[in-house]
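Chain IDs A, B, C and D follow the sequence of writing; residue 1 opens each chain.
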Amino acid sequence: MSAKQLPTTAIGYSTQDKIVINGLDLVDEVMGKMGFTELIYLHMTGNKPTPQQTALLDLVLVTLMEHGLTPSAIVTRLIHYSTPEGIQSAVAAGLLGVGSTFIGTMEGCAALLDEMLAAPEGAAARARTIAARHRDERRAIPGFGHPIHKPDDPRSGRMLQIAERLDVPGRHIAALRELGVAVDQAYGRHLTINATGATAALLGEIAIPSAIMRGVAVISRSAGLVGHIGEEMRTPSGKHIWNTVEQAIPYERA
Amino acid sequence: MSAKQLPTTAIGYSTQDKIVINGLDLVDEVMGKMGFTELIYLHMTGNKPTPQQTALLDLVLVTLMEHGLTPSAIVTRLIHYSTPEGIQSAVAAGLLGVGSTFIGTMEGCAALLDEMLAAPEGAAARARTIAARHRDERRAIPGFGHPIHKPDDPRSGRMLQIAERLDVPGRHIAALRELGVAVDQAYGRHLTINATGATAALLGEIAIPSAIMRGVAVISRSAGLVGHIGEEMRTPSGKHIWNTVEQAIPYERA
Amino acid sequence: MSAKQLPTTAIGYSTQDKIVINGLDLVDEVMGKMGFTELIYLHMTGNKPTPQQTALLDLVLVTLMEHGLTPSAIVTRLIHYSTPEGIQSAVAAGLLGVGSTFIGTMEGCAALLDEMLAAPEGAAARARTIAARHRDERRAIPGFGHPIHKPDDPRSGRMLQIAERLDVPGRHIAALRELGVAVDQAYGRHLTINATGATAALLGEIAIPSAIMRGVAVISRSAGLVGHIGEEMRTPSGKHIWNTVEQAIPYERA
Amino acid sequence: MSAKQLPTTAIGYSTQDKIVINGLDLVDEVMGKMGFTELIYLHMTGNKPTPQQTALLDLVLVTLMEHGLTPSAIVTRLIHYSTPEGIQSAVAAGLLGVGSTFIGTMEGCAALLDEMLAAPEGAAARARTIAARHRDERRAIPGFGHPIHKPDDPRSGRMLQIAERLDVPGRHIAALRELGVAVDQAYGRHLTINATGATAALLGEIAIPSAIMRGVAVISRSAGLVGHIGEEMRTPSGKHIWNTVEQAIPYERA
């Protein structure tokens, strides 16, 4: 790496009386003038969001925040029990669960939508190819289906409905709906668009690159996990979780 | 633990067609109706926030989000370089830096404000005792002073100003200002209220328990760290950081 | 920090044909000549261990490695389920549970032994003071008692027995035994020296500073957690743990 | 999952006077009778190791433990600076750097060796195919080449030499040497077998499944990182690292 190629940062700097982040004066141009979600968008993309972009990002952050006693939440509770002095440790441990098993489908669906929107033969034609390919290979289609919410995931319908009322381009949402039609035809039954599928479409609409979409889930879930610590402080469950799991997995020589 | 004392959760549950979080129907009562910051408040405290409470929490989240190339941000960049497939790992590693060195002063200041507000002799009298005690023990007063921002941390003045314009009780803010007066008198020079001190007062105003205040910083910083990953994807610095540090710490036998 | 005070490292460096760690040539002086436990001791303390020191450190590493389905192990299993591609994430999450709740007693016991060994009135006299103080304050004595292993923790007796057969100074072990006598007298009943108490004495004997004793537990537990991932790859339990915990903590409005 | 398919554990259990791990009585059959490395092998594979298997695993643990100021070590130092009370946090953060960038090549090389050993046309013929494929696709061959150690990584020669003196099957080592010949021929120049390549062969020899090989590196590195914390306690470098990196990445608007 030659001297002129050394990396720089556009994120910010401080002087004695000034703090600049993302090209704005924190005190004069951000505090009291931009909201948290607006600033997240600016920070992630380098661009100030439109009100519609802020609204959609906020909707995604609200929708993904909390899902009850998920693996991440159980992990956060157990680490809080083990190290009550370190809230950050309990959240960090839980966030390590925002991995491929749960969030990979969002990225997988975003990739399918990108593939459709770039297809020379048109999105609808490509949707049929994609649906047939997954069916023939007996693979799950990322963004579709749900183990509990049948026939439809109530979140995804609401997400798409709110988004369609806003003045956004609509291409990713339209692509997702087309994919849904193709999927139902290819499989001969209805598979719901699930919350990760709808999230992929909404984040695509607001130009969040698919490579960093998982970061939105991480921010949202960090708030969810702090809530679990709050409940744990009021109603501790760590020891009960431990005892329960010990009893649920008996000893048996392999 | 007897059967009737087994822990329960008030956070939420799902059925086939419904998701409830914090006592609200996610689809009908939260999505499109509550913002991310509102939901964070509800999730952390169990209570729906007033608009003023939402505004103050949002202000804190905005203020703490980003501070440039802090230890946490450097850590996130190095872990992203080491494991680019895991955004959650890079954020989790960085969040582990939201520990006592940086955020302990917020909690320490909150404890002083609580002590003042509960003092039978009155907050101002207790402020003088606290300031004298720290001066005599040559200890830093949490929430005061800043290595770069002199004479005043520009963030704290702005935070208190915005808060005072809103209809909040004002007791914690008044206590912090009284403590500032006592500190300047005890030390014979001006020490700025810094951003962690102002944060302690604002979160006190909106009834966030001091035990979980660090969680607000964790949520806010998680968004800051995702922004660093975004920049790292566009302008990688991980290898440069590594090389720079290797050269900055030479080998020498102990 | 002035230029001449800049930190250096004594840990190591590499050249084109040589790697030096802890002052030794890795290829010629370490590989095939020193064992893992020996190298851990050298790396932690800067000194080459005697065979007795190596044996005691190895004994501690063996004893602490594995305790079945502890909170750390449950966490590692859940994170492995969530992100099977990242073994390091699952181990890191589990290690975050090696905190004050489980390992703080080792450090607390080490501090008591240090206090006894430095007491002008002698270790036995100070032991009586310590035991009385904890009894009067109704505080648990770190390193004593066990919820399951009664009357005695079988590990601690064996640890002390092995150590006493080796040619080590014996001061920390003697202090721990004296503390045990004082505890039984003060409480009027027998409280076992537990494994964390015996560990504190053994690590004290081999001059591991109490500030870094937790690091020995971290190394040992990292191996234990890798074993849980190995079993998880053969017999997955992550989903079963999740389902079990969900059912064990019912929803109830606060 | 039906009742009879519920997962069990073969790792261990405790009763009032007994602790069993991996089918052995911890106190009577493990403590003082098995070493740490032996127990790691048993715990990872379910089988008691031969002395040769123990020696090779120990050699790998020694070789991978420490590499100076790597990204993982820098991360551990910065987190220790941020949260000195939590050794486990500093180690966990550093371990998150044991990801695809550094350790992926070990797994990649292990996969190539497995491919060669299973090839109907014989290992040497498959080696030529593999080398040609990577050359034609201009991809690095995992386990070969090193940015600093030229012409040869001194660790890998020593690792293979020690292993060949022991009574191990030798198939993976022979395959790695054959692959080395094929690589040199295909590229028309000498590429060193590096330490990750030699590690893949040695762990293959002792029947550590490639899926969990990364776990060996995690255990080894955890010890290395504890050593960095030890040095940090004696000679703090965290603030110096922070300052150095801040100056090395200047602010520039994108």
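Structure notes:
Here is the rule we use: contacts are C-beta pairs under 8 Å (C-beta built on N, C-alpha and C of every residue); 3 or more make two chains touch, one makes a residue touch a chain.
The model shown is predicted, which means the values in this text are computed figures rather than measured ones.
Common neighbours of subunit C and subunit D under the contact rule above are A, B. Residue numbering shows that subunit A and subunit D use the same positions for more than half of their mutual interface.
Averaging C-alpha coordinates per chain places the centre of subunit B 38 Å away from that of subunit D. In whole angstrom, the spacing between the mean C-alpha positions of subunit A and subunit D is 32. Chain centres here are Cα means. That of subunit A falls 23 Å from that of subunit B. Across the assembly, subunit B contributes 6-13, 46, 68-69, 83, 85-86, 88-89, 92-93, 96-99, 235, 237, 240, 248-249, 251, 254 as residues in contact with two or more other chains. If the chains shown are joined wherever they touch, the resulting network links each chain directly to all the rest. The touching residues of subunit A, counted against subunit D in their complex, run 6-13, 20, 23, 46, 83, 85-86, 88-89, 92, 248-254. For subunit D in complex with subunit B, the residues that touch the partner chain are 68-72, 74-75, 78-79, 81-86, 89-90, 92-93, 96-102, 234, 237-238, 240-242, 244-246, 248-249, 251, 254. Residues of subunit C touching subunit D in their complex: 1, 6-19, 21-22, 26-27, 30-32, 34-37, 39-40, 43-46, 58-59, 61-63, 65-69, 73, 86-89, 91-93, 95-99, 103, 148-150, 152, 154-155, 158-159, 162, 209, 211-212, 214-216, 218-220, 222-224, 226-231, 233, 235-237, 239-240.
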